[in-house]
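Shared between the two complexes below is chain A, which has chain B as its partner in the first and chain C in the second.
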Partner chain A sequence: MRNLRLRWKESYSPILLVSPAIVYIFFFSIYPTLTAIFESFQTPLSSNTLSNYQGLIFFHLTNAIENTLIVSFGALAFQFFLAFIIAGLLAREFRGRRVFLTIVILPWGVATIVAAFVFSNIFPVSPPFGGYMNSFLALFGLPPVNWYSGYNSRVLVLILSDSWKNTPIVALILASGMTGISQEIYNAAALDGAGPIRRFLFVTLPNLRNFILIALVIRGISEFNIFAIPLVLVEYNPPFLTTLAYEFYSSTSSIYYSYAASTVLLAIVLVFTLVALKLRRTA
Partner chain B sequence: MKSLFAWVSLLSAQTPASLKVNWARAHLALILIIIVVVGAAAGGGTYYILSMNRGSTIFFYESLAPPEVDFFQHQLVPQFEAANPGTNVILVNLSGPDDTASVVEALVKGNSVGPSLVGIDNLVVGEVIYANAVTDLSPMLSNIEPSSLITSAQKMIAYEQQVYGGATYFVPFRSNVPLVWYNITAFTRAGINLPPANTTQLLADAAKLKTAGYSTPIMFQGGGRDASAATELYQWMVQFGGNPFMFNDTGDVATFQYLQTLSQYFDPGYINGYWGEYTGLYSGSYQLLDYQWPYIYSQLTNATYKMTDKNLGVYPGPAGPSNSNHVLGGDVLVIPKGATNLPLVEKFAKFLLDSQAQTETLLKLAWVAVNSAAYNNLPGNFSTVGNALLSAIDQGVFLRNPAPWISTWDAQIYDAWTQIVEASPQPSPSQVHTILNTENQHLYDYLVTNYGTQTAQQYEQNAFKPISVS
Partner chain C sequence: MQLLSRAMQYVVVAFMSALFLYPLYILFLISFSPIQYTLGSLRPLQWPEGFTLQNLVLALQGTNLIDPMLRSLLTASLVGAIALLLGIPAAYGLSRLTSTLANTISTLLFFVNMIPALVIAIPVSVSFIDLHLYNTVVGLALAQGLIALPFSIFLLLGAFQSLPKDLENQARVDGAGMLQTLYTLLVPLSKSAVAAAFLISWMLSWDEFTFATILSPITPTLPFVIYTNIYRGNILASSALSLVLTLPVIILTVMLQRYLRGEYLSGGLHG
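This part shows the complex of A and B:
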């Protein structure tokens, strides 16, 4: 009897313990996802079709993918650049560190939609050439800029807005990794003649590899899903996969385009995640 | 029984040292569980009470602007409740017309309609009809419809009865006509005494405003949100003699070529311009707001902006080369399939269409009344905006054909707009033609795939076009 109980405990208890989570994930994640994928191959009359994907190509799917990748990787690069600087400071002890940490974290606590509206005042569409950023430029005698006059400046505004909101989480992850690197390694490297850049490249980066990959996966998936900021600042032009899906989501006829756009986005996120996990395993 | 025993023994098994209970966390977890349980109980209780009261409760789904919500909740609904003791009307305000369509479909699919009445944009009503989500009102029409509907509302009902084989799925509830708004002070400074009467004069006045120092004088609803650009472009194309659904007939092409020229005077914010944009008229970002719904009058003249008839001008807008017809926006009433307590729902619908409620919404919210009795004995100081509305209706109104694929057309016309007007540099006239031809071809292909060849051929033969209701 005792053996039986032990065997039961060992064999089934883990399954019992995780089963609520499995049920939850199945009904609230997997089932809706599979439904959306299935519906992306349906017409309003419930026949099978590839036309939703053809329709998306007509609505500049390739541009949307391109824009999503540009802003995602642009924002990731900018966020990691800033985060390394901030993490470098946070990893040290100095007076006012807690205040600095609080200030750094603040944007992360701001709702994305609020951040988007804040940036719509910094880089306003209307009035033309107004806003805090142009006022700031005017202090240095620089001419005002219409931030939405071209593709590059629109993308720049989106990257800056998104990075303001999301750099803190990257900085925190990197800082937690940096505090775990022994000072002795840096001392040894310095004794061997390594300067700050070489120490960063050959000590900090390799030791942070796992943390970088974790930050990359967390932020990368979120970046591909960037939505509220472009919707508030540029609406559907340039299009992103999320805004393309949103443009079509709420009507009887065009919701199938929305499913198709969501499926494409899911595929990209899955590929990105698999690559990142593979890299992590290699590491 | 065995499994229960195993589970209990599992729980009572000696805990390894590494897993010893952290009591602070345990308390926190307990508090969280209590919050969740109490919250669930409160939610369930509320639902139960609402369910119990369903016999005398009506859910009214609409998509209203904040001042309209306020008027409904504090004036109209109390009037109905006072006249029908024991009745409770719950207004469910939704974010937009597409949202309303989705909610109606969800209610019906979820078999949880209850005693519901829905006010939905006449533009998207075709979607819920196509989705088989609304009730045929024919048997109860005499209980709802007022005897004195305005002509456009009568034609609207006649149109649907013709299209849907005699069925009546909706009755007009409130109408709306977009108007053009301008800053009188700026116009005077630029030497313009009257707003532009036609599109040629509009270009000339825009140039005068620019010369007077107003570098970006015109605001256009050019954003994709809530079909704003699509609705505005639809009217422009009709006024240029086109059939907007076709994209590429002579009038359609002429519209886009004209708007390319006009866009040099646009406020840059036009790329996000939508029905909620009007404050630039007050702040001076632009001096002419091209087509906006009448509700903004109460906003711009409220305590925040304090504009008056001395500096805020409103009129039906410049006539197009072909006509000066206006799109008749607004909502219709539908009853979702499976609605309960129909007598009470009908009573509320009748109340909303009654002359008293219609007069009040005309005077307070500048909604064009669909009950002609609402226009009797209006006060002498009937507002500036009211007069502009009546003048616009006199010039002619039309409906956008509520085809079930209207959202696809919306997305396509917005696509054409971004390629032709928003693009920098803008395409040449021949390229404009090519872009519009491509849009036409795509909609045709879309209809073949999704609605069948017959519908697609009807489309190509101009069967879907604006419905004249004036």
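This part shows the complex of A and C:
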């Protein structure tokens, strides 16, 4: 009898230990999420309607989806480019490696709003043609640029500003994958006459596949949530899903539009994650 | 050839270091250089010219720094407490569960991490108004805890798993209950990981913008005050506040560097 009770305790008490966290997550994450999805199909006058979504299309929903995807994938590409270089360096032993690691990690800790503030001085809205990037270009005799004159340069500014803070996490994940690839494979590939580019393509990339996908999921998810950076640098033009939701929330014109915009955001995040995880499983 | 590639390597290291330090350097430049060389100029200087505390003094005279700072401190400490209070038992529970169940729960945690803060924050703000938690430190901390909890659980789980299993079994054989084993044996043995989980959670809250913007705009924490100052064009105040926000975080990041590993940061996904 005592034995049985002990066994009961053994198998159930771990669940009891985990349950406060689960209850908390249910109340503060899952329940509100379901509420947001449900409410996105309501209006003060009718229920189970698509009218919020239809209304949002009038307020540039498709545009906001496009911009969210363009900046997200642009930023991901740029961050992975930098992160591969950094992780490649960190995989080697050299004097000053630890200092380099510290420098590279630093931006991770800096608040997004601070990154947004600093980059609003590097690429200022006013004065046009001013700011630190233009004064840097001037050192090389290059002409100044008005960063907010067109769509493309606005997107570029957002991608650059976002990438500073977020490259470190990609680099750290890739670096932890690279330490797992043995030097012997590289040596063997080099003996077979593979140059650095081919070694990267045929040794590094396939061996890092899962780490790349993990970093892609982690960063991709937060990339779609890009909020403070556009809010500070370009306000609502071009619009993003987050800034669209916030605009309707803060102007109180219709909170239901915010629910609809954030539900679209959630759907994009979900689809992206499921696709990436699927790729990982088949690896 | 070998020498050349070593030299190349240092060139790339130096270039990348410069790239990553540059924005922080600009923050210090704006904060401590006379304004005619920085914000007052169409072509701000790339190097320090003169040194002044005038900017900070001027900025902080016109802004209420103390209230938001205390609020930020309090919120961040509460988030750290939530992350440990819920995270320690959850991490230990996970380490004792069968792998199928543990994996299910890890996946759940990962999906929670995945839900956009904005999706959660807007309905939560509506119910917080009814619960009188809107614009309160406690309410904001409860929401920000969501960001810190998964991270804290995975960090602690890693620490508990690295302890020898025999130690724990011995304690159990000696008649210690599960909670007793956890709090009198495992937690003291992993105290540096516990401290790291607290501090990193603290930091995630200290920096957090989205929940803070939606849930506590009237009694704001520092990040939202920085935003309103940028919005109103108070660049000097924004830079002073940014500096206040960034200095502790730089120290913490350097201190906690060895806990900032890919496997904890990836929220339960494994390679």
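We take it that the second predicted complex is superposed on the first by the 265 of 283 C-alpha atoms of A that agree within 3 Å, B and C clash if a C-alpha of one lies under 4 Å from a C-alpha of the other, contacts with A are read in each partner's own complex, and residues count from 1 in each chain.
Convention: a contact is a pair of C-beta atoms (placed from the backbone, for glycine too) under 8 Å apart; a residue touches a chain by one contact, two chains touch by 3 or more.
Owing to the predicted nature of the structure, the values given are computational and were not obtained by experimental measurement.
After overlaying the two complexes on the shared chain, residue contacts for A:110 are found with chain C alone; chain B is out of touch. With both structures placed on the common chain, the touch criterion links A:33 to chain C but leaves chain B unconnected.
Once chain A of one complex is fitted onto chain A of the other, the partner contacts of A:77 are absent, as it touches neither chain B nor chain C. Set side by side, chain B and chain C differ in how many residues of chain A they touch, and the one touching more is C. Of the two partner chains placed around the shared chain by superposition, chain C is the only one that A:227 touches, whereas chain B remains out of contact. When both complexes are overlaid on chain A, the residue A:13 reaches chain B and chain C alike.
With both structures placed on the common chain, the touch criterion links A:254 to chain B but leaves chain C unconnected. Of the two partner chains placed by superposition, only chain C is touched by A:175; chain B is not. In the superposition on chain A, the residues of chain A touched by chain B in one structure and by chain C in the other are 9, 13, 16, 127. Note for the complex: chain B touches chain A at residues 3, 5-7, 9-10, 13, 96, 98-99, 101-102, 105, 124, 127-128, 130-131, 215-216, 219, 223-225, 267-269, 271-272, 277, 280, 283-286, 404-408, 411, 414-415, 418, 422, 424, 442, 445-446, 449-451. Residues 6, 9-10, 12-13, 16-17, 19-21, 23-24, 26-27, 30, 39, 41-46, 82, 85-87, 89-90, 92-94, 96-97, 101, 105, 108-109, 112-120, 122-124, 126-127, 142-143, 145-146, 149, 153, 178-179, 182, 203, 206-210, 213-214, 223, 226-227, 230, 235, 238-239, 242, 245-246, 249-250, 252-254, 257, 260-263, 265-267, 269-271 of chain C touch chain A in their complex.
Across the interface of their complex, chain C is touched by residues 9, 13-18, 20-22, 24-25, 28-30, 32-33, 35-36, 39, 82, 85-86, 89, 92, 94, 96, 100-122, 127, 129-132, 134-136, 138-139, 164, 167-169, 172-177, 180, 210-211, 214-215, 217-218, 221, 224-225, 227-228, 231-232, 242, 245-246, 249, 255, 258-259, 262-263, 265-266, 269-270, 273 of chain A. Per the touch definition, chain A reaches chain B in the complex via residues 5, 8-9, 12-13, 16, 43-45, 49, 51, 55, 58-60, 124-128, 146, 148-150, 234-237, 247-248, 250-254, 257.
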